[in-house]
Structure formats: structure tokens, C-alpha cells
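Some structures to go through are shown next.
Each of the next two complexes has subunit A plus one more chain, namely subunit B in the first and subunit C in the second.
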Partner chain A sequence: MAFAVTARRRPARTAETARRGVLTAVGAAAAVLFLLPLWWMTASALRPQEETFGTLSPVSVWTVLPRHLTAENFGRLGEAGFTLAMANSVLVAAVTVVVGLAICSMAAFALAVLDFPGRTAVFAVMVVSFLIPFDAIAIPLSSVFRDVGLQNTYAGLILPGIGNGLAVFLLRSFFLGIPQELAEAGRVDGLSWWGVFWRVHLPLSQPALIGAGLILFVFQWQSYMWPLLIAPDPAKKVAPVAIAQFAGEHGVDFGGIFAGAVVTTAAPLLVLLFFQRYFTQSLSASGLKG
Partner chain B sequence: MATQATVATEPDTGAAAVPPRRGRRHRDLWVALAFVAPALLAAVVLRVWPMVRAVTDSLHSTPLGFGPTEWVGLEQYRALLGDPAFLNSLVVTAVFGVVINPLQVLLALALALLLNARLPATGLMRTLIFLPVAVPQSVSAVIWAIAYRPDGPLNGTLALFGLDGLRYLTSPGQALPSLMVIVSWIGVGYWMMFLIAGLKEIDPTLYEAAQIDGAGRWRQLVSITIPQLRRQLIFVLVADTISNLLVFAPVQILTNGGPNGRTDLIMNNIFERAYVAADTGSAAAATVILVVVALAIVVVQFRLLGTGEED
Partner chain C sequence: MDTSDARPLRPAGRRTPGRRPARALTVLAALLLTAACQSGGSAEQPPQVSGDEPVTLTFVNAQDPGTFDEVIAGFTEANPNITITLETLPFDDLNSSVQSRLGAKDASIDLYDVDEPRLASFAARGYLADLSDLRAEAEGKIDPKALDATSYQGKQYAMPRWTSTQLLYYNTELLEDAGVEAPSSDPSQPMTWQEVAAAGEQAQQAGAKYGFTFEQVDRYYQLQPLPESLGGGPGLEGEGLLTPAVTNPAWVEAMSWYKSTFDSGLSPRGITAEQTTPLFSDGETAFFAGGPWNAPLFDEAGVDYGVAPFPMFEGGRAVSSTGSWATGVSPFSEKQEAAKAFIRYMTTDATGAWQASSRNLPVQQEAFSRYLSENASDTRSEQLAAIIEHELANNAVARPTTVGFVDFETVMNKAFADIRNGSEPAERLQQAAEELDRALAKYPRE
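Then we have the complex of A and B:
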């Protein structure tokens, strides 16, 4: 940015090359440092436990490179109920994304396109509500959910994820960028408001929908405290809770812990890598503009 | 922030060609309500209701094993503010925040500046630094727990240089910094992305003009980049502060607040009040205090963003 634009082509060329070399090295070192824990986790999941701990002190290249590849660490996860936990996580996240997108995009449409008395008030209620961080009120919310019989149910796990302020605001600011004339034209052509929403705004908003979907997905897949509070039943355990409990109960089965960590991380990692562009776009759009 | 955009969509008075719609207004209200009702309901049920619940619970006593019953006024709050464990938790949370928030924002800013420069492979580097964001916090916690073991890779690295191993999470002095490392590993890449997005929005002609005026790199950073990035910096600082205020999974999984309460961040303290001590009233009062603090931080954000903002 600021530095690079300079690019003076005068005597200082070698100095400039050296500077770029140093900066690149610093960037690469930072990237490696951030990657290292994940790399080590994956390498250790793929090798026998003795090898993981045999290569630790002092560290060498074999600390991060597996010599004997094996999948046996993953085999033990099935016995520990990990398959069920993964299935629960996938189910909960998938339903959250679908239902959440429906609810959030409808609200965003009303707030951006429709003109109705009380719109400002509705918007204010939504803004103020979602300013309260979810984690902060999770404990009293779990009391409320228990009182209405949502403990140990999929609904109990899913519901907190479907109304997401960030997703609403992101979609709303995207809808605001769609010319109002398109909506009016659709109305003149005989579309209902639902038709305008479904045939005009949604098809035009794919990037924002992916961004909002990712926000909903990441929130739900990262969720740790809420499942701990609302779904103590092992049958409703989700993956992030399963890995923590597995680590607590099988404290010596490090191979299994690494394998579970890889499995729990793989899904969100692949999704985020694949959609990274949309995610970063939504980051810059949400909260900062609108 | 909201007002500006809302105003922009108000039915344009001047721009003709829009048929008069007075007659439809009433029916549109019901259509609009149908669209907005599910999300509005979610907002109220998931945020307002538990908040009301926390306030009422906090005004009642909690006989062991039962729900809160008897009205006690502000007694829970008075008890909390006289409870050394709660005060300790406030201090630990404050120390954690005062150290980690500037640290993370500065690190995120440095990385953003570095990886927004014209260097080879910045896209790959950005992605690698961003990766930990995808890792669930509980996974990060269990992996770092192994890394922090006495016979783990961190002490193995120290041994390489002939240094003695550290105790990390089990040492009263090192436990909180050890948590900061984990939380920063998770978060810095996320905040970096916001700042990179902001850097990309800065008008390049500003830098060209500065160069013509003979401004050096440092001068450009201080006079152009930082002021132009003000909005994103404030947002990141506030959002980061809130997220660090609510750190829970690493504490609950790794230290349970120990050793000696040295890592008893506020969320862990509240969780233990509610689920270990089964003291709903006390946990509710602590929750109310936490939410008030969080909202105060957000209000400060709006104040900072509101003034001197003119585009």
C-alpha cells in the first residue's frame, strides 16, 4: 500500500529490492508461525503417538514431518461417539444456514425495500437487540429455553443461530444497493412483494447471501458454550464439545485428540477456504458501512 | 450509521414516475410485518427476553437447588461487589483486556500494512494467517494444551537454544499470557482482514500527492493511512474488545480460572456461579453487569464513529 506505491526508479533500486526482500521474509515468517499449530496438529494426527512425542525435544524437522503415516488415530474416534457428534454439528449448521438465511433476508428486504409505518422503530429494535452480545446472555437464555422444554433438542441448539444481526445488516445494505426502480417495475408487472423478493432481489444478491450464510455457519460451528449449556445429553453432543470432552477424558490419547481436532476443523476450514473471497467481502461490508 | 442509509431509501419525493401509493399503504404494512416478523421475534426472544430474565433473576434470592424466589432488591449486586472472587475476576478481565486489545490491534495493523504491500505471495500469506479463524475455539484450546505441556514442542524449542522449559498454564504468572497467545493466534487474522479491506479503500492519489510533496513512508503512514483507516480501526478495536471480554472456551477447557483465580475471566466466573455453585441470582446479577459494560463499549464506538464522520 503506502510503501509500495512509491516505486521510485532511481538510484535506490538495490535498496528497494533489499527492503522488499526483508518485508517478504517477515511476512513469510508470520504466515509460517500462524500455520504451524495447524500443521503440527495435522501431522500428529497422521502418525503414531510415540513418534509425535519422540520428536519433540529438542525440536527438529521431524517434529513437523510425519515419517510413518497411519490412519489408526481416526479409527478410535468412532468408538468415542465422534461420528454422532459430527453428524449433529453438520445437521445443526445446515439447518441454521437455510432457516437463518430465509429469516434474515426477509427481514433485510422489508427494512431495505418496503415502505411501512414503524420501519424505523422495527429497525431500532433489531439494532439494539443484536448489540447485546449473544455469549453474554447465553446463561439466562438457557434458563428460558429449559423452562419451555427446549433442553436437549435440536431446536434448542439451532434457534440461537437463526437470527443474526450481522447477517441482516449485511443483506440489508446489499439490498439498498439494488435500484428501487427494479422493485417498482416488478410491481407494475404484477409481481407480489414476495415475487419481487424471490425473483428480483434474491437472484441479484448471491455474494451477500453467501457472505451471510458463512456468518451463520461460522457462528454455529464455532459454538461451544451454548451447546454445553443447552444440550448436556450425549445424543445431542456437537463436535466442538465432543473434542473438548474427549481431551478431558482421554487425556493420554493424544493421537485421538489430534485426529478429532483435524476432523472438527476440516469442515469449517474447507468451507472458509472455498468461499474466502465472499467472507472477506462481507467482513468489509458489515458493521462498517450501511 | 443506520440513519444515513435509511434516509436514502425513503420514497424519493422528487423523482417522479412513482405511482401514488397511499391506498396500498395499509396492506403493505401487513406484508412488511410478515417479512420482518420472524427476525423481529428472534431478536426479542433471543436477546430481550433473556435480558429481562437476567434482570428479574438478579433481584431475587436463590435457595440452593431451587429457582430464584424471594425478592431481595439489589442484595445480589451488593453481595457480588463484596465478593473477593468476583472482584478478582473483574481485575483479571480488565488486565487481560488492557494488554491484549492494543496488542492484537497493533499486530493486525502491522500485518495488514505488510500484506497489503506489493510483495510476492501476499494472498497466500493472508490466507495462512486467516486460517486459525476457521478453527473452533475448543479445538484451538486442546491443541495448545498439548503444545504447552512440559514435554511439548514449545519447551522443545526452548531446549534447542539450551533454555529451561516454562510451565505455561500451570504457573500463576504465565497462565494469563499463555491464554493471550492462544486467543491472539485465533483472532489476529480476522481483524487483519477488516483492516486490509479498509486499506484498499484509501484513494491512491492521496499517496501520489504526498510523494510530490516529498513525504516519506513514515509521514504517509501517520498523515494518510492512519487517519483514512480511522473508521475501521475504531470498529476493530471495539469489536475486538467485546470479543475478548467474552472469552470463555479456552479458560473453561484449559484452566477453569486457575491457578489461584489468575485466569478467572468474567465469563468463566459467571458460568461457575450458574453451573457449579448453582446460584442463579448471583450469576444473573453478574450477567447484567457484563451486558452493561459491553453496551457501554458499543456506545463509545458509536460516539467515536459519529463525530467527524462526513462521507
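Then we have the complex of A and C:
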């Protein structure tokens, strides 16, 4: 009997081990495929431009490893005013996240908890707003912004990023998962709606807030066309625009582009690494009913 | 700015949106349309600045950093009340960005750089102020061909600053290794394209990675001389240059030769125009068709090279690409007089034009002579200067000045890329002609 059980279990365990092995191999291969462009970008930022293209064909170990390490490419970033552009990007993204989260969470709370006429219609408009690509409205919007004197201002860069339909959607879904009874109990105990929002919903929604914050952050961090339209002043230049300027008419400074890309990737990478647990949690939690 | 990656989640809401959003959608669409239709409208003809009032001009361009430092210093020394702020945009976005801003009558641009073949389209849309008074002052000082290339329907819409031409670079060492005789630097004795291909193949057999490459692969600017050399014309004809003419035998022959250089492995596929220069500066390529701007880069890379005139087809005529940047004034600017004063200094004045030339060829004739003499420091640069002078005087053919140029260039560049990747030239050019018919139909024929 004991023999029979072991005999039955062993193949099952072997199959399980094999399955796990294959999955691990596939997972590792996928990870390498995702990592490779980032690795190549970093390696290319650390070597002279000629080496980057000289080692492309035939493919060898030197295609992905820098043979002559140099920090020159990063030095050129400084000369091209990249530091200011990076500071602008950080400022714009940070203000967008703080102000945007405040506005989006309040809107989401109103749409999820407060009952008022036209609530569904308002929500529908917000859903539609994030389905329209921003690029499609950027040009007419920029002329409105210019008319009200927002050209070449930080406000002009920040404003389109703070009211994000997707962030409202995400937060509203999360708030809907919080039992209505909690809000009612709070009201019975004398809390105002503001108190319910501040003391009940916000503390319970940390993962969703981080998820929404990341959406707001990424929107601003990668925005290129809008800053180009509304803030062409060199003093208000943001990092993606500064990187694009390494591509001139008669040649492209790929070393500078790679170095700029490394610096601009590092910031969101750190933010994501730090918050990724909450981010995935927020995506799964906000899709489920509490 | 695209957030479409993030998939919307299914809301857990108690009241899922039902049919009512349709009305909300209509309202939203109306709001968006209103926003879209709303344009500036605030730019009225302003009083012109005069005297010593302080003025700040915004000059939108896409040049390398430092290009205008000298000319701005020279101009502001003589005009201390005028300050010039540079708005340097990424090269690929200059035209679209300027168009969208001027389309909204943005008064914050005073003057901007115009790519010569795009001038007609900008002028026809009313994005350029008439500078005909500056032309009168420039007669006799600026190359008349460049002045013509920047005028449209009899009016001067921008002032030309630089010009360009093409030449053939060769790697001395690679040719020596292959036992190939170096091409003549005599401007009147260009190689034929067939000879370039044969010599390039020989060099490849002796170890060169590539035999030949164009600097600007798949771009009309550099490929226009191929059909033109065989008498095939620029590809546009008729009234307003709005009728495609890219299917004649000369075009097919020229494009067949272009394709053959990639089929045989003489030139590399899968490399963009931005990546070709390193192929020559790394010493991997025997011949390189490029502009005078490549020479300083090759000097810097320390490659052993020589220069020869731009090749032509056997039995055809010698033709070289030309044209460059011009500067125009925005009609919505409130400081047009000051902007004109700066343009006058930068283009017509010999000192200003020299200061503004950077490493480009100035069209101001005194500045051009100075460019040639100052750059002819050794035998090779003397040869380079002689070729430039000869090509500009005899072989330069400008891109067609037409409102449809942007459409034309877009369609043709795609066709060039397809031919390079293996499409049959005759069929692909026929397809391009049909696409052009459709694309150019929107422009009125006078």
C-alpha cells in the first residue's frame, strides 16, 4: 500500500517539478527579453557612440558590454541644460501627483459615495474623457491655454495632468468597495462628508491612491507633445524634450540620448520598484467588490 | 501621454452607466468641438517698434546649440535695445510645432527657421510675412538662386541663410587595399554611379564591410539627383508643380540602380539616415555620398579620406542636391520691424552672414568667398572648396517649390524605403504616383 502511494505520487511530483522548471525558464527568458533593451541602453550610455554601432554586427559579447567605459555622454547632458530640464520634469510631475490626487480622490468620493442628480452622467463624461487620446485635443487645448496666458508657465504644463479620468475611475471603483455602512456609521457619529472622506475612505485606500498617483506621474513624466506646444521657452523645457534635442538635422548624438534615457528611466523605475506592491494590489483590489 | 495601456477595470459600482451617457457624450463632443474651433483671434496688427524701446525677439529654430551665438552677439552689440531669445526645438518637430502655433495665431513667435522646400506651403497658409523689401536690398549680395528658392508667387517670404551641396567621400586606405584608383577630385570629372558600385564591390572583396552608402538614405533631398541625372525631372510637373511624374523610364532606371546597391550588399539595409555617418567614420565603408557638413565629423574621427565630386549616371548629367535653411518673420509677431532688422543683419550683411554661417555654406556672396578661402587650409580642403564652388555654380538643382511639397516628400520617402527593402521600382513608383494624385488633389490649381 505504502509503495503504491509513493509510486503514484512520484510521477506527479516529477511532473510538477518539470512544469515549474519550464515556467521558470519561460519567466526568466521573458525577464531577459524585457531587461535587454534597458541593459543595452545603459551599456550604450557608458561607452563612446562609435562603439555602440561598431559592435552591432556581428553580435558578440561587446554588443551588450561596454569595452571602453566613459562618463562623457553624461557630461554632455549637463552642457545641454539637461539638469534644468530634469528639475522641471520632477517639479511638474510632483505637483501633478499631489494636486491631482487631491482633486481626483475628491471627485471619486463624490461619484462613489454621495448621491446627487446627474451622478451617472458626470461619471460617464469622465470615463469618455480618458478614452479620448490626449494628443487629439492637445492642439486646440494649447490655443485655449495660450489665450488665457498660460504659455511658458508651470501651471500650463501641470494643469492638463491633474484631472485624470482614469485616476478618478480607479479611485471610484475602490471607494465603491468600501462598505457603505462605514460611511453611514461615521455620519451617525457626527462626521461631516468631508470627515468621512478624510477619516474613513482615504486611510483605507492607500493602494488605490498609490496606483492613481503612478498614473498621474507617468502621464506627466512621459509627456512630450504638450510641453513642446505650450512651453517652448528653454527655461521651462522638460526632460523628454531635452532628450529629443540630441537629434539634429545632420546627425544624432546617440550617446547623449542614451545617457538622458538612463537618467529619465531611473526616476520612475525607482518609484515603481518602491510602490509596485501597492500598484498591483490597487489594480486587483479596485476591480473587486469589497 | 497615452494612457491607453492601462486597461479600464470593470467598475464595482452599484449604478453602472446605462443608456444616459449617450446624451453626455453628445454634450462632451460639442464642448470639444467648441474648444477645437476656438482659435486665438487676439493677434491684431500691432504698432511697430521703433527707436530705443527695449525689444525681445523670439527666434524659433532647430539648429545645434551655439549656432547663433556669434551672430546674436554681433547684432545686439549694434542694437543694444534688442534681445534675442532662442527657442530651439527638436529637429523633427520644428515644422509641426511652428504650424500648430501659427495656425492658432500665436504671437509669441517673432521669427523662425524655414526649410526652403516647405516655404511655399507656409506662405500659402499665411504663416510668413512678406519680406520683399529685404529682397531689394539683397540683390547683388545674395546668390540669386537662393533668393528665388525662397520666393513664392513673386513675393519674398523668407531670407535664405545657407545653401548646401553634395560630394563623394572615399576611404583612402580601403581603396588602396583593394587596388582601386582613387577618384579624381577635379570638379568636372565626376565618377559614374556604375563606377562607384563596381569600385565599392572591389573594396568589399578586399575587406571593406560596405562598398558605398548614401548619408541620407530614403530621403528625397539626397536621392533627387539620381532621376534628375538621367533627365527624369524632380518628380512633379504641371501647373503649380502638383502633378506627379515619377513613373518615366529615367525614374525607374534610377530607382533600379538604388535598389541594386542594397540587393548586392554594397549598401546596408536596416540603417536609418541618422546612423550612416558612423559607418564611414568608423572606416568600414569605401564610398560615402554626403554634404560638406560631414567633413568636420570625419576629421574629428581621424578617418583617412579623400573628396570627389558627386557622381552622375553614365550618359546623364551631373546634378547635386542643394537648398538649406532660410529665416522668415511671423505675420502675427508684434515686433516685425525688429525681426526684419535681425534677419537683414544675419543674411544680407557680410559680417552678419559670416557670423551666422556656423559650419554651413553662406549664400551671402562675400561670406561665401570667405568660407571658401578660410576653409582651404590644406590640399584636401582646397579640393573640397573647389568642388563646392563648382557644384553650386553648375549642378545644383533645388527641390521643387510647391505647396504640395510636404505631401510629395512624405509619399516619396516611403517609396524609397520600400524600394530599398526589395519592392519592384516600376510597380512601387506607379503606386507612389497614385498616392500622390490623391494627396495633391486637395490643392487648387490656379
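Brief remarks on what is shown
Criterion: the second predicted complex is superposed on the first by the 222 of 290 C-alpha atoms of A that agree within 3 Å, B and C clash if a C-alpha of one lies under 4 Å from a C-alpha of the other, contacts with A are read in each partner's own complex, and residues count from 1 in each chain.
Heads up, the rule we're going with is that a residue touches a chain if its C-beta (ideal position, glycine included) is under 8 Å from a C-beta of that chain, and two chains touch if they have at least 3 such contacts.
These figures come from a predicted structure and were not determined experimentally.
In the superposition on chain A, A:P133 makes contact with both subunit B and subunit C.
In the superposition on chain A, A:F53 makes contact with both subunit B and subunit C. Of the two partner chains placed by the overlay, only subunit B lies in contact with A:I162; subunit C stays clear of it. By the touch criterion stated above, A:R146 is placed in contact with subunit C alone, subunit B being left untouched. In the superposition on chain A, contact is made by A:A112 with both subunit B and subunit C. When the two structures are aligned on the shared chain, A:D189 is found in touch with neither subunit B nor subunit C.
Of the two partner chains placed around the shared chain by superposition, subunit C is the only one that A:E249 touches, whereas subunit B remains out of contact. Contacts of A:I215 after superposition: subunit C is touched, whereas subunit B is not reached.
Counting residues of subunit A touched by each partner, subunit B versus subunit C, the larger count belongs to B.
Of the two partner chains placed around the shared chain by superposition, subunit B and subunit C are both touched by A:L176. Overlaid on A, the two complexes show subunit B and subunit C touching the same residues of subunit A, namely 53, 112, 119-120, 122-125, 127, 129-130, 132-135, 137-141, 143-144, 172-173, 176, 218, 222, 224-225, 228-229, 241, 244, 247-248, 283, 287-290. Residue ranges of subunit C in contact with subunit A, taken from their complex: 1-4, 6, 8-15, 17-18, 20-21, 23-25, 27-28, 32, 35-40, 42, 60, 62-65, 85-93, 97, 100-101, 103-104, 106, 108, 274-275, 277-279, 281-282, 284, 291, 293-294, 297, 301. Here subunit A touches subunit B in the complex through residues 1-7, 20, 23-24, 26-28, 30-32, 34-35, 37-38, 40-41, 53, 56-59, 63, 102-104, 106-107, 109-120, 122-127, 129-141, 143-144, 159-160, 162-163, 165, 168, 172-173, 176, 180, 184, 188, 193-194, 197, 218, 221-222, 224-225, 228-229, 239-241, 243-244, 247-248, 254, 257-258, 261, 264-265, 268-269, 271-273, 276, 280, 283-284, 287-290, going by the rule given at the top.
Subunit B meets subunit A in the complex at residues 1-2, 5-6, 8-12, 18-19, 21, 25, 28-29, 31-33, 35-36, 38-51, 53-54, 57, 111, 113-122, 124-125, 127-147, 151-153, 155-157, 159-160, 185, 188-190, 193-194, 196-199, 201-202, 204, 207-208, 211, 217, 220-221, 224-225, 231-232, 235, 239, 242, 246, 248-249, 252-253, 267, 270-271, 274-275, 280, 283-284, 287, 290-291, 294-295, 298.
Against subunit C, in their complex, subunit A makes its touches with residues 49-50, 53-54, 79-80, 112, 119-125, 127-130, 132-135, 137-144, 146-147, 151-152, 164, 166, 169-170, 172-173, 176-177, 215, 218-219, 222-226, 228-229, 232-234, 241, 244-245, 247-252, 283, 286-290.
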